[in-house]
Every structure is written in structure tokens, then in C-alpha cells.
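What follows is a set of structures to go through.
Shared chain: chain A. Partners: chain B in the first complex, chain C in the second.
Take a look at the complex of A and B:
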């Protein structure tokens, strides 16, 4: 899975521009470091008549002028190299703006302690998808991500696609990303935001336009009616327990927005913003003991009798 | 006047040499025992204490770092939970920056600067004593709070709103903010004393153009402290006011600004790096000159580079904020400024290389640390150019790449020269030579361990590992590098251990040092090792940039300072011509008492705003005691009056 969250494995034009810049800077830096190291070793190890502390310090002679020319040349070369780097940096910075204004899709990403709320913008309110911790985008389409935070500062970062942009309470930032090949890329909050900063991750799933459209349609649908008795019982358990205080499942009366929307919980690959994969076992553990999995998370323990617990799990498993 | 003239005793040909020394010894001596220890105003004693305390905090903060490295050695480790980890990295960063790096540089300066200036004591020695006590109290308070589970846990930067009243209830952030206040007061006090010592107490003849590079470095640093520290004091005071008395400086909902905190913090935070790093450049210049056996090449460009660094250092702070969504054009200017600061650094590196090339380098431990410094610092400087670029920084900001970068700059750029300087000044401070074999072993371990610990972090950062995470999932390709970094961290710690063990052993075993064991050129080596309480029996007269090389055996002196009262010679700022004989303060308990009263006020204010009101009473009382005029201290005379020796020196 190496390269799944890496600035050195670009999957979009933005990250590619930056990666090229990284290699340019690295190349020139390596050259300078090598040159200085060689000069240093030569300076101290070249052959000399005497080396001891009693040696009279030689007063500067005419040689100073020759030394001065060498030092001056080195400084001039430094200035030239720095100027090259500066120009390259500005050029890349401009290129990062190429996609701006050409976006065909806008997504509001809201950072919470410690998960990501994702709301697709659409002219019709009924066609706005709301999900969490998993951002789907069509390949080859510039997507505008609008970033806000209701609590503390977070930072949106998917290294395979672009650099980071902070989410600052009280103001809104935006970043444009584009993936030019399908794949799943991991992103993570990059600004320290409290106890679970380490597990405030999300996935970006880049897929061909048709696949994305199909996904979008599925996400728009309300939750499916449970198909068996156990799952129906599980829905009742959900609706009369503390779950409804924070979560929404469209198609039911649960409509709170404090926590992630669970309407299509099982269509996602991760739980608890990347703390665990979205499997039945991890889901059970997460509900039974959220603090054991993600200490400090806002999710409280929901104590349920075992049959209710099993029923709840069965219901949640139907939320595809 | 005749009565006073009769009692006045001055050094000079008229007074026997042995009597002079005995009298001076008597005059400058502090009382014996614990009382004397508490009241001392001798810069050498305070400097030693300051160095030892700073190294103590260095060790504590280092242990915190090792704990973090243990936790991160393996993915999904449960050694340390998120709450403790938050405290570990916050305490580590805050203590390293505020309780170790800045204070230790000032500590060495407190010891070395007056000797290098050729004066008998630092300017405002009571203020320096006060600074030490305040620093000690602040540092102890910070670590005791940690032991009591109220250690800082919002990073060394404590960004709002995370550190604000809503998201950080409890007292943890308040202890952080007040620790800042303590160290700021201490740093400002020392800076004032150092600036005045360097500008007004240089030996006669040491005009500005003959001033050693180390003194220039400390002068630039001290001015930077004066301009940078008030910004962070404002930030931490606003923060504590938001938290304790419901102001809204940083509350967006009430018209405050979260970004204001970042601007204030980094307007201090970036110069802070140079405040740590510029004194280290001074160490490097001293060591290079001594061990390459020739003056540093390009004295004038070196001085200009130091000053340029000091000024440019204030124009870079926004490169810590490129991801916050500031206007792009503005970011561009900060990129240019940040890249530009590489030029003065380059000038200095090239001048040292030229010095080493042209000289006859003698491989003693201090020089080894300087060679290590050049390699590590150049690498750290180059990654600094990388983070100055906006697009590049957007990828590496707040990742392990930045952790690698600033450890290269701070450990390579500052701690390596510091270790070299401690080894270099050890004979002067203790009178004993430090061991060479263990010294070299220590260097080898620190150099290898350092690169092993921090080089992999560059790759980790580019591979997407963010900073300040208490753990990470396996499968992201980070496991091996993290393990390597942990192994390196322990090797580095072993290196530090060997280094300090060597110094401790040499305290007893070391060969007697003599006045100038390294054959150095500056004035601190003109007196005995360790120096007597009065530092110099006669004030040296400087006639060149390298006084001990030009006039090795017969350093000329000026005479005419009193031997029966504490006096220092004040000279002209630029030309260093003798101007005034200034009384130097006697030992006093007031600095300690004032520091304790101030500590009470600072700590009390965390719990009740009324502490700021009532706490001023003891502070006022102790300050009145401190400044109560005594007859003796009102006397100030023109230097040349009744002192023919000084008149000759001026001519």
C-alpha cells in the first residue's frame, strides 16, 4: 500500500507540478551539499607542514585577495542558484492556479473534531449528497473543495492530489483538486487539532465519470427498508437509543447532524475517520467501546443488551 | 576630595602587584556559604549556573523526546496514549525552545561576553541575577506542572481556538502561557545587560571594527530578542486574558481573529530560530579561528552577514502560514525573503571554508563539532529553502519533513556548535582540560545518531506522515523509517551522554589548563583559568583584532581603576575610548526576592485575576529594596580624573 498517501506518487496535475518542483529543489540541494562537503574535506585534509596549537597564527597576506575572489564567486553562484529556485517556485505556484475557475463540481468539506463531513453542492437541495470521511470524485474533472470548520483549525491534505489547505473557524478557504487516474488516495488532517488528530483521516476515491454518477445516485437514495425481522428490530433499537442524538439516517426519523450521516454507512471503507476498517467486527467494537478504539472521540458508549446489540448491528449492515 | 583621594586605591605602578590582586580579590569577593550563593552578582557564577540549569532542562526535554520515539518506533503502539503524547510533544518543543535553546545561548554569553570584552563584570549584574532566578522559577513551574498532569498539551505554538477557553478547559494552556511570560522576562533582562556590556564596557581600544565576531553575534541576537519577544508576550497575554477574564482577542464569533495569534506567534517564532542560531555562528567563528590558526577570513562580510540575518529574520514569518489561505501575492514576497536569507548564511559558510583552507586546522573536539555543523547545517539550510517555496511547502508543511528540517537547523546549526563551545570554554570555566578521546567518541556518536534519527524523517514527510500524531496505521510505508529514526534517537542520546560524561570526568581528572590552552586570540584567554572574581587585575588595552596573537607575551594594560571598590571602566560606543569609571553593584538578596515575588504574581494570576492586583505589592516592596540608593553607588567619575593610567590609554 506504499504510495497510498504520498507526495511522491502524484495522481493529479497539481501534485505532479509540485513533485517536479520537489525533485528540482532536491537535485540542486544535493549538488550544493556535495560541493560544500567536498570543499570542506579538501580544506581541512589537504597536506600541510605543521598542525599544532603552538604554531604562530599567520597574519593574513596577499593571498586574502585570491581567497576573496573564490568566496565571491561561490556567493555569486549561490545567488544564481537561489534565483533559479525562486523562479521555478513562482512558476509552479502559477501553474497550480490553472484549474481554478474550471471546476465542474463543488464539495463542502467541514472539519470536525475528529472526522470529515462531506456535502456535495447542487442547485437542487434534494440532489445534495451528504456523507462522511470518504470523498468520491470523477477522474479528470477539477473539483472545488470549500473548507470550513465549526470548531478548531484543521487542514485538508491529500498528498497524492495536492498540497494542504487549512480549515479555519470563522473564515472559509478553498482548494481545487483533480485526479487524472482512478484510485483510492488517503488524506489526513495536517494541523494539530486535539486528542485524535492522528485519526482524522479520509479517503478520496477517484473513479470514472459513469461510476461516480452511479455512486452519486445511490447516495441520494434514502436508506433501504430492512429486509428481515432482526434488522427491523435493529432499526427500532437505533431509533430509541442515544444514537439518534447525533446521527442521521435518511428515510427514518433520525435526523441529527452532530455526527456522521449513516444513511449509507456500509458503502464506505473506513470507520471512525480511519481508525478502523468498516467491517462488522470493527463496527461492533466501535459501538461497544469507542474510547478503546479512539480515546477522546466524541462518540459515547451505548450500552445495549446483547440481543439488541446484535439486532442493531444487523440493521447497520443493511445501510449500503 | 582629598579625604576620598587618600582612601582611593587604584591599580597601577604605584601599587604592588600582589597587593593589587589581594585587594581586588577582597573587593569583588561575595559572602561565604549559602547566603553568598544566593546574593552573588558575579557574571561567571551566574553564567555557570545558567548553563547548568539549561542543560538540565535539555536533558529532561530530551527524555520526553526519547519517550515519543519509543511510542513511534512501531505502528499502532499503545505505550503512550493520545493525552500523554500531546503533553510530551508540547513539553518537548516548548522546553527545548524556551527553557533550553535560548537560555543556554544567553547563559554562555553571560559567562563569556564580559571576559571577551575585558571587563570585570557584566553590566547590570543584579538584573542578570534576577533573570536567572525568574528563569529557574519559570522552568521549575513548567516541569512541576507536567508532573502534576497540567503540562502543556497544545504544542509549542498553542494555536487558537484549540488552546482557547472552549477547547482547552483546565489549566494546562495557562501554565504554558505563563512559562512563556517567565522566560520572556528573563530573556529581555539578559539581552539588555549584554547589549550594554558589549556597547559600553569593551576594553579600551576595542573599537567596533576590532570587536570579535562572537561579540557581534551576541549583539545582533540581543537586539533581536528585544524586538521579537514582545510579540509572543502579547500573544500569550492575549491568550491568557481570553481564557481567564473573557476577553475576545482571538474569538472569531466576537470579532476576534484566530489568525492574529499565528501572526503574533510567528513574528516572534521565526526570529526565535535566529536568536538560537546566531550565537552559534559566533561560537563557530571563535572555534574556526582558534583551530585553523588564523583569523576568520572576511571579517567585514561576516559582520554584515550577521546583521543582515538579524534583520531579514523578521521578514519570514508568513512562511509558517502558507496553508492558511493568505493572499498569494503576499506569500510570494515571503518566499523571496525566505530564500534570500540563505545568502548571508552562504557568505558565512564560504568564509569559514576559506579560513579552514588557508589555515592549519588542528583536529580537536571543538573543531570536529564545527565540521559536523557545516554538513548538517548546510543540509538543514537547503531544506529551509525548500519550505520557503509556497507550492513545496503546501506538501511538506506540518509533516515529518519539517520536523527533520528544523532539527537539522537547530541541532546541527545550534547544538553542535554549542557542544563545541562547551568543550572549548571548559578549560576557561573550570581550569581543567577536557578529555580528547571521550570527546571524539561523543562527537562520532552524536553525528551518526543525529543523521540516523532525522534524515529518514525527510522521506517520512514526503511519504505523507503528518507531525504531532501519537501513532500511525501500518501499511502506509512508514514503519521502517520510524524504527530507524528511533534507533538513531537513542544513538544520539548516547552521544550526548558520552559528551557530558567526558566533561564531568574531566572536572576531576583533567590536566591543569593554564591561561590559554588552545592558543586563542581573544581576551577571555588573557586571564587565568578559572578567572579570579575580578576577572582582570588590570584592564587590557586592545590594539588589534586578535590581541593575544599580536601581542602574545606582553598584552598592554591600562591602570587606574579602584581596587578597594567595585568599579568597571565605561568606554565610548564606537571607539572604545575610556569615558567613565562606573561603580559595579555589590551582591544583594533583592534580585532573588524580586524574582520570588514576581513568580508569585505570575503563578497566582493563573488562578485569579486579583493576583495581578495584589501581587504587585510584594513586587513593589522588593523593587524598592533593590533600588534604595546607597551613598556608595551615587559616585561616578570621569575615567581620567585621578587616574593617569587611563589618560595614557585614551591618548
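Take a look at the complex of A and C:
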């Protein structure tokens, strides 16, 4: 997982600026710490002047003058270093805004307790992709992320790409990100937002433009018709149980928006905002006992008879 | 005297702990009895029907606030309009067409009622129906004041459930719309 979620492995121009700033701050702070430690140790261990020797003590004015010079130099150095840090910080802040206004893609990211809703903006309503917990972006394209929250304050943070930006209920924030190289980067809510704050993660998948376009087209398609009887029965189970009250599967009558969109559930890598990987076994465990995996999550325990449960699982497996 | 005061304060403070104890994972549903369907609270004897463990829900602030969240999430507002009533009857007044006891409200949500109230059996897990029951009762001031929600997250035209006046329930009988006598 080297560099999977790390500000020290920048994958975009802004993260690169931030990384440089981190090293500059760390370097200067380390130098200052070292200098102060050396001075302190020198003061502790230097040899005392021996008074009993008859040697002529240095006149006090001379010592005063020397001390004054040392303190003056230290103060000047401090001011210079602080000024360097200030300038670097200011310049980095300016650079982070370079991409603003050059975005070619806008995505609305809505932070819920405790998952991320992702809606791609598009002039045509029929071409708006809605997904959850996995944000795909084309490499080399600045993407504007519009951030809102319906419940409490969250914070959008993908350390490999940029710094943090808060999601504030009742207002809209924005951040522009760009990835230079393909890869999967983990993002995380960075503002404490309740019981499952730690399991409020998401993935940013940066991929070449053609791959991104293909992904986008696949996400636009409605759910595939289930191919066998068990999956068909599973769809019936989905539509007549509590699932349908919160989740949407495009292509069926399930159209609720309270929970994540499940139309292409199996195309994603994680479940429950990063609590578990998206495998059949974990999906089964999540449906059977979400409160065991993520206590306090909004998904209730739904008691289903075992045959119905297996059918439901078979159906959800077809949602690719 | 000081020590006594300190101990008394601590006892008071700890007494509040139970008030909003969270229980994300209820006991398995299959092990409990589903209460009988009751269409009216006219019943032989004194006591209206109700599930034995409803105080578990109606006396816990967390359960009531979860009910409040679900009331919006399940679009109860669509008809009952934040308890004020729209095409569905108001819930914050003293008129209870199908009974005000927790068991009655539970049956109303689970089975539905004539003229529009759909049945949510199998659509909302039983625990969450009980949370809704607790919240609906708080709308009419029928739960303890320290348990009812103290504020709403959004701007609201009415005071919070905690400040709503208590409405002593009165049974209103079958609504005129249900008997077909209304024009």
C-alpha cells in the first residue's frame, strides 16, 4: 500500500506543491531544532571559567558586546527563516489555485453520515452518472469538486491529490483536483462527523481518458436484466423488502435516494464507504449484520429468510 | 454536607446516562412476538393492546431522535407534513383516529389504514417502526420532556418536539372521509 493514502507521494500538481512545502517546513524546523539543541548542550557542558587561577578575567563590556552580537545574529536568523516560511506558504497557497477556472469536469460530492454520494454534472440529465464512494477522474484533467452535506460537517481529503476542504451543511464549497498519473488513491473524511467517521473513506481512481470514458458509459447504463431464476427471484426480494426504501437500482422501480445507488454495485472496489472490500462474502456479511461491521450506520438489520437472502445476494452480484 | 452535595450531583448526572443509550443492534426480530393487528382501541376491558417492550423505545432519547430522522427519510412528511397534517391527518393534535397507544400506532404503520396510509410491513424493520412510533408520540407531547427532541436541524415553522404542548389524546372515531359521508 505504498503511497495509497499519503501526502508524501503526490500524484497531482497541487499535491506536489504541498509536498515541497512540507519538506521545506520540516527541513527548516529540523535545522532550528538542531541549532537550539546544540546551543543548549554547549551551554550545559561548556567548561566554567576557573576563578581561582590568577588569569586576568575578560572585562565585562567585552563579554556584553559578544553576547549582544550572538543574540542579534540569532534574532536576525529567526526573522529571516520565518519570512522564508511565510513566503513559501503564501506562494504555495497561490499555486494551489492555479487550476481554478480551467476545469473540464464538475462532480458533486455529497457527504452523508457515513458515505459519499458522487454525482457527475452534465448538461443532459440523462448523462449524469450517480455512484457512491468511488470517484473516477481522467488523468491530466482538472476536475471541479462541488461539496455539500445534508447532515453534519465533513471534510474531503485525498492526500495524494490535494489538501482538505470542508463540506458544510446549508452551503456549498468547491475544490479543484488533478491527477498526473493513473492510480487509485484513498480519500478520507477529515472532520469528525459521528460514530463511523473512521469508516467514511472513498477511492479516487485516476485513469487515462479513454478508460474513463468507457467507465462513464458503463455507469450510465441501467442495471442488466438478471440472467437466471435465482437472480430474478433476488430482484423480487429486493423490491419487496426494506432495501427498496433507501436504495436505487436504475432499470427497476427502486428509485430511493436515501442510501447509495446500487445500479453498478459490483463495479466498485469497496463496500460501506471502505469498511470492507466489495466481495460476495463481505456483501453477505454487510447485509446480514451491518451493525456488526459498522455500528451506528444508517443501514438497519433486515431479517430475510435464508433462501431469499441467497437469491438477493445472487441478484446483487449481477449488478456490474 | 459538601460531600453529600457532590454525591447527590453525581447520582443526578449518572441518572441521565440511560436517557440516550444507543442500541444500533436490536435483538433478533424472529425471537419476539409481532403484536396482533388492532384496528381500533375499542377493546374489552381497560387496557389497550400494546407490545410489552415499547417503553424501551418511547423512553429513550436516541430512539426518538432516530424516529425523527426516519420520519423524514421515509417521507412521512409527504402526507403528514411535519406532524401538522396535509393529505394525511395531523399528528400533533389530540385527535387519534386509530388510537394513541404505542401498539395502535405500531399497527397503523405496519398494516396501513383506509384512505391512503400504506402498509410498511416488511418495508421498514420492526425496530425502526418502534422508533417512528416513539417519535409520533413525541409530536403530541406524549413522551417525557427530557426524551423528546430539543431542536430540529433545519428551519422549522413550529417549536421543537420538546416544547410542544401535551395534547391529552381523544379518540376521534372513524374519519368522515373513510365513511364516504364527506362530499
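One rule holds in what follows: the second predicted complex is superposed on the first by the 304 of 320 C-alpha atoms of A that agree within 3 Å, B and C clash if a C-alpha of one lies under 4 Å from a C-alpha of the other, contacts with A are read in each partner's own complex, and residues count from 1 in each chain.
As a working rule, a contact is a pair of C-beta atoms (placed from the backbone, for glycine too) under 8 Å apart; a residue touches a chain by one contact, two chains touch by 3 or more.
Quantities reported herein were computed from a predicted structural model and do not represent experimental measurements.
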item	value
Touched partner set for A:295, first chain B, second chain C, both or neither	both
Residue contacts with chain A in the superposition, chain B compared against chain C	B
Partner chain in contact with A:303 - chain B first, chain C second, else both or neither	second
Which of chain B and chain C A:8 touches, first, second, both or neither	first
Which of chain B and chain C A:62 touches, first, second, both or neither	neither
Contacts of A:258 with chain B and chain C, given as first, second, both or neither	second
Which superposed partner A:126 touches (first chain B, second chain C, both, neither)	neither
Which of chain B and chain C A:240 touches, first, second, both or neither	second
First (chain B), second (chain C), both or neither touched by A:151	both
On chain A, positions contacted by chain B and by chain C	151, 169, 295-296
Interface residues, chain C side, partner chain A - complex	22, 24-26, 28-30, 73-74, 122-125, 127-128, 153
Residue ranges of chain A in contact with chain C within the complex	151, 169, 240-242, 244-246, 258, 289, 291-292, 295-297, 300-303
Parts of chain B lying in touch with chain A, wherever the complex brings them together	81-83, 86, 154-155, 159, 161-162, 167, 252-253, 257-259, 291, 293-295, 297-298, 301, 323-325, 328, 332, 335-336, 339-340, 342-343, 346-347, 349-351, 353-354, 356-364, 371, 374-375, 378-379, 382-383, 385-386, 388-399, 462-464, 466-473, 475-477, 517-519, 521, 546, 549
Complex contact set, residues of chain A against chain B	1-8, 15, 17-18, 21-22, 25-26, 29, 32-33, 36-37, 39-40, 42-44, 46, 48-60, 63-64, 67-68, 70-71, 74-75, 78-79, 82, 85-86, 88-90, 92-93, 96, 113, 151-153, 155, 157, 159, 162-166, 168-171, 173, 186, 188-198, 274, 295-296
